[in-house]
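What follows is chain A paired twice: with chain B in the first complex and chain C in the second.
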Partner chain A sequence: MRNAYRAYAAKRLVQAVVVILLAYVLTFVVVSILPGDPITSVLRDPQNGFTEAEIQEIVAAQGLDKPIPVQLWTSLCHFLTGDLGLSMRSSRPVATLIAEVLPSTLVLASAGLAVALLLAAALGYGSQFLPKRFGQGFLRGFPALFLSVPNFVIGLVLIHLFGFQFGFFRVLDPDSVRATFFAAIALGIPVSAQIAEVLIANLDHESRQEYAAVARGRGLGPTRLFVRHLLKPSSLPVVTVIALTIGELLGGSLITETVFGRTGIGSLVQRSATSHDLPVLQAVVSLAAVVFVLVNLIADLVYPLLDPRVKLIGDHRPRPAGADESAADTSGAVTP
Partner chain B sequence: MTVALPSSAWRVTAASRLAVLRVPPAVALSFAVIALVIAWSIVPGLFTSFDPVNGVPADKLLGPSAAHWFGTDHLGRDLYTRVVYGTASSVESALIAVSIGVAAGGLIGLLAGFLGGWVDVVLARLVDVLLAIPSFLLAVIIVTALGFDTINVAIATGLSAVAVFARVMRAEVIKIRQATFVEASFLLGGSRWHILSRHVLPNASRSVLTLAVLRFGLSILVIASLAFLGYGDPPPASDWGLLISIGKNYLKWPWLVYAPAFVTIATVLSINRISRWLRQTA
Partner chain C sequence: MTERLSPPSLSRRHLLIATPAAATAALATTAGLRPARGAGSPNDGGDITFLIDSLGGTWIPNNSAISSFQGHIWGHVTDKLIYVDADGKISPWIAERWEQNDTATAFTLHLKQGVTFSDGTPLDAPAVVANLDIWYAGRRNEGINPIGLFPKTYDHAEAVDAATVKVFFKVPTLGFIPTLGYHGSILISPKTIARPAARQANLGKTSGSGPYLVDSWKEGDFVRLVRRKDYNWGPPAVGHTGPAFLDSITYKLVAEQSLRVSAVQSGQADIGYSPPPLELQSLKEAGFTVATPRYLGFVNGWAINTKLAPFDDVRVRQALQAAINRQEIIDTVYTPDWKLAESFIQSNVPGATDHRELLAYDPARAEKLLDAAGWTKGAGGIRWKDGKPLSLTLHANPYLATSKAVGELSAQQLGRIGWKVAIRAYDVVTFGEKVRFNSPTVPAYEVTRSFIDAGTVASILTDANNGEDWFGLGESDPKINELRDRIAGAGSARVRDPLLDELQKYVLEQGYFIPLTQIVQRIYVQNPKLKGEVYNGIAYASYYTATKSTA
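Now for the complex of A and B:
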């Protein structure tokens, strides 16, 4: 078992490194091959007022005059040593730009994840223990509803109701604790839907098991049954789903930050996109891929340790029991 | 016994036909919503008599009423009219996006699953890499490289969904390729092309189509988000996401946000309900 785990861990580690490197290459290729020339669209933009000599200097400094494979190789080498290049717009190091706004996004994303987990747990509890004819079916419809609402709409509704009507937070002070709380709700609600769908499917599966019937027969109340018996086996597979929603959290923070007027990675992406600052965009997208791959690597490595029932067969990654094809389709990112 | 067989077989098909026809009311309502949305996108002029671009300045920021169902915007334009005229580009973009995803993703998945070997290894790795990049960020970087307009938003949304289609198609093809009837067809001398076109594609297409319906709803959301961020056509275009984005500057008149948001949510909810129904009956 121990040896099998080591082999599995080594294999997943190598796989993760390969995926990260290829993700960088892929974004680089997307940026350089797609039509649309960053040099003409940014540097020759009359609003920027660069002279022809300055343009030549910037092009040479960024290595934009070299063939694309050479550019890719130098850029990849720099990426591996932690050098993310210079912003085309402000000529400041991209790493500095990202480091400045990262803490704010980390706060928002972790608060959003916390909201998503709490909401998913509440939906899971309600899906099992609310009276069948009163509320249970209604509650089970929530994940489907959450998946149909654009998250900027949730943000705007929260701003309109709690910012303007009730005055719970000041819209002009987006970094305050209260405003962050509401931004986290807007970010967390769509994410909670994906977690809740898998959690509810697992809870349904577990509550049909014999041990649940025995526990009920011993006279355990719904809350004790939920917390002591059902929650643990049902939420283990959810670990994998949570890791997969990281991409959702990163993408969602882009919109949530714009809606709430926060500064962060999202607003940096938004600014760089509107000014065609491709080096910044490429760095953020590659870093997002790194975060996504690392979080999923950790989830996959921790999972067999948490759940002794999981067997490591070949190179198949541990698969949540309840994550059938339907749940996988909606999350849209479960690898087989 | 021989007499009973055909009649029982007939009964089974009749029963399954009835099961298909027995549509739950929620699904019937969803189909009605989608029919209305399609009608809006094809003949918007039939549903409203107002002009979507030129407004009446004196009538600006009126609340919802019998004359203006969704109220009017800051330039005195009827918001219901703007929503109806914005349907075409919102829905068409989602259709383009899903077509790109089905075509490109389906081809990648088909090649990987059917050919196997090193082709499968290379393509499966490519799909893994695509899945590692958060799809919304991928769409943003593609639309930035292509330039901001609604058609590029549709292309970017489609490309960011390629990996999901490829994964499902590959899994289906591998599953079907190992089925006994494919083996039988091969032993009867069926060529690769024959097996592919007569057995693999028809059987794989069902789950890919179900996924396509689901991704159609999701694409409407992604395209609305990209339009909301200002990557689509600028005003006076009236994509749903753009309408909400304009409305957010006038939150004192909340129907400017709530009305287009309601239409978007109702559409996506209907599509998702239909997709779930297809998955249950299929």
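Now for the complex of A and C:
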């Protein structure tokens, strides 16, 4: 068992490295195909008045006229030695730029995830125990509603309502606790929808099981039944979904940050993407790949702890025995 | 993930445009209608927040000084040798006086003494020489660009003594002194200049001699400036030379246009940059200060590529000149704060002359010219010649927010006389790659460029001396060549002014340049409690002299 785990972990690690390198190369190719780069676009600012010949001369002086494969090789060598290089846009070290904005995104993403989990748990609880006449059916429609309202719309409504109208937070101070709270709501709502969908489906399944009937027969109240008996078996596929929503959180934080004016990874990506700042984009995409791969790896490793029935079978992939097959199949980005 | 990048800003804008009605109602009761107090004695202290749409890319001084955004910060952190006011009048600043030889090839600058950079280095003659050298040449292999409009005729400079600099040029360069007041010509500590590019890019470590210091900053987020207490060398022209009054200025990036305006309306910020022109009237009525300073430079208009048919025909260009209704552009897209173009350079530039009669709206004349040129009206009212429609592709200039709207209106005006107009809009990066002066796919390049000295026009007319050749003329127009050489070689404004007048008349008559309106690229909406700011020749606001009442 332990050896199987090690082999499994090693294989996943190699796959992870391949994914990250591929992400790096792909970003390079995609961005290189696009016309323009931050250096020439600064030179082409009409205020500058440089002629085309002067621009070419300056570009050549910085080695930007070299063939793309040569540039890719140079940058890949630097990347492999841990040197992320300098931003073409700002001329500052990419590592510094990321370190500057990472904390803000981590705070927002974790707060968003917390909001999403709380909301999902509340929806799950309500879907089981809210009396029908108080709108249980209506509540069950919430995940679909949450999923179909883009988070920037939620963000804008929150800003106008709570920022400008009620003055609960200062729009110009987006890193304050209050502003972060509202940003986390905007980010957490759509994310909660996916978690709630899966949670509700599983709660429905579990509450029909005999053990649930027995527990109810023993006179257990709804909260105890929910927390002590239903939640744990229902949360196994939810772990997979949470791991997948990390992508949603990263992507969503990009938009939420822009809407709320926070300076995080999202705004860094946005600035770099609009100016085609290759080194920064490569670093951020690789970072996102690392996060995504790691989180999914952790999710897979957490399975056996939640469900002792999960066994590592021949192909070293964890499979929750008896659990929904489709949930297991979407268990991570590294499924070959 | 990339698919989700673009929609938010669009939809957000729509939503934000829809919501201000409610917001305005709430705001009217707070900041908006509070009457401004009469100015008493300037009160020291106070902090202001300036909301800006971008904070640019790099902070390497040479590469960012001319930025429409970063120029605001540099204007407070650094000084210049010369001050140029909104009317193009030049006056002493760090250079207390100057002399030039008869041929305008050698200049002597006498510097103010006792001036220091914030790192303690004296701002003396060697420091000025170091700045002149890097403005001219940059350090290209390091990624430090030369200053775009610094005279390319520069030869060298030498420090005669601690307070005297002699500057030499290869040919007459009358524009040198005014250029010292241009936004690119900011004085930076030689210690900063000596650093490699990656370290120059750290704004927090850059030292200027200006009235404010960088207190803290975060890329893509904000720059906070605090007052330098021992500052004592402001430009006499602004009426104050001691330390600034306001304690701090925070430039905060808020990319969304309507959010910047709402924040000023709700009192959360003091200045909003680039509000929508059509909102200015209602902002004014609500009691906010609105400023639409014009910079010195070219007017907003099209440089026509004469290499491309049908614009190789002077009659077609003249028809274009007569078919644009400039007053309608101001009435529809702008407000009365915008002024009619009188020439192809802004009317506040010394040397600009009034040629409005050449820019009159005369559709009948335009039709007559096109008829004479063989363009006859066909189906759908479009004119044809030799099986080709009379077409024009405009490329909206992303550096001017109203460019697309102006293009659309011009397209309607031209459509009435049989022109088929297409408009393309690109982002800044793609625009820079695809849209250039006299490129084979660009019949009309929309100009937005400031300059300090009217002599600059000599460098855009042809391709001689590394010129930009805006009209694709090369050396083909002898009259332009002659005017170019005589303007570039003029040793005094007295000689040059009549030549400039002749040039303006000729360029407009020939339809080389089609002016649209005088350009206002920098628009400000401001809390009425903030007063006393000054706009310089490049339309940047300086809060060095500003005060904010607490009442």
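One rule holds for everything that comes next: the second predicted complex is superposed on the first by the 262 of 336 C-alpha atoms of A that agree within 3 Å, B and C clash if a C-alpha of one lies under 4 Å from a C-alpha of the other, contacts with A are read in each partner's own complex, and residues count from 1 in each chain.
Following the convention adopted for this analysis, contacts are C-beta pairs under 8 Å (C-beta built on N, C-alpha and C of every residue); 3 or more make two chains touch, one makes a residue touch a chain.
None of these values were measured; they are calculated from a predicted model.
*Asks:* Applying the touch criterion given at the start, work out whether A:Gln270 contacts chain B, chain C, both or neither, answering first, second, both or neither.
*Replies:* both
*Asks:* Looking at A:Pro150, would you say it contacts chain B, chain C, both, or neither? Reply first, second, both or neither.
*Replies:* A:Pro150 sits against chain B and chain C alike.
*Asks:* For A:His160, decide between first (touching chain B), second (touching chain C), both and neither.
*Replies:* Touch partners of A:His160: chain B and chain C.
*Asks:* Based on the superposed arrangement, let me know which partner A:Leu26 touches: chain B (first), chain C (second), both, or neither?
*Replies:* A:Leu26 sits against chain B, while chain C stays out of touch.
*Asks:* I'd like to know which partner A:Gln282 touches here: chain B for first, chain C for second, both or neither.
*Replies:* A:Gln282: touches chain B, not chain C.
*Asks:* Quick check for you: in the superposed arrangement, does A:Phe292 touch first (chain B), second (chain C), both or neither?
*Replies:* So A:Phe292 only meets chain B here.
*Asks:* If you stack the two complexes on chain A, which partner ends up touching A:Tyr125: first (chain B), second (chain C), both, or neither?
*Replies:* neither
*Asks:* In the superposed arrangement, which partner chain does A:Ile58 touch: chain B (first), chain C (second), both, or neither?
*Replies:* So A:Ile58 only meets chain C here.
*Asks:* Report for A:Ser90: first if it touches chain B alone, second if chain C alone, otherwise both or neither.
*Replies:* After superposing on A, A:Ser90 lies in contact with chain C but is clear of chain B.
*Asks:* So which positions on chain A get touched by both chain B and chain C?
*Replies:* 34-36, 150, 152-153, 156, 159-160, 164, 250-251, 254-255, 258-259, 270, 273-274, 276
*Asks:* Using the touch definition from the top, list the residues of chain A that touch chain C in their complex.
*Replies:* Within the complex, chain A contacts chain C at residues 34-54, 57-58, 61-62, 86, 89-93, 97, 100-101, 150, 152-153, 156, 159-160, 164-165, 170-172, 250-251, 254-255, 258-259, 261, 263, 267-268, 270-271, 273-276.
*Asks:* Across the complex, what residues on chain A touch chain B?
*Replies:* Its residues touching chain B are 15, 18-20, 22-23, 26-27, 30-31, 34-36, 144-145, 147-153, 156-157, 159-160, 164, 246-248, 250-252, 254-255, 258-259, 269-270, 272-274, 276, 278, 281-282, 284-285, 288-289, 292-293, 325-326, 329-330, 332-333, 335-336.
*Asks:* Tell me, which parts of chain B touch chain A in their complex?
*Replies:* Residues in contact with chain A: 125-126, 128-138, 140-147, 161, 164, 167-168, 171, 207, 211, 214-215, 217-218, 221, 224-225, 228-231, 241, 244-245, 247-248, 251-252, 254, 257-258, 261, 264-265, 268-269, 272-273, 276, 279.
*Asks:* Which of the residues in chain C end up touching chain A in this complex?
*Replies:* Within the complex, chain C contacts chain A at residues 1-2, 4-5, 7-9, 11-12, 15-16, 19, 22-23, 26, 49, 51, 57-60, 63, 66-68, 138, 140-141, 143, 145, 148-149, 197-198, 200-202, 218-221, 252-256, 259, 262-263, 266, 268-269, 397, 399, 427-430, 432-434, 436, 447-450, 456, 459-460, 466-468.
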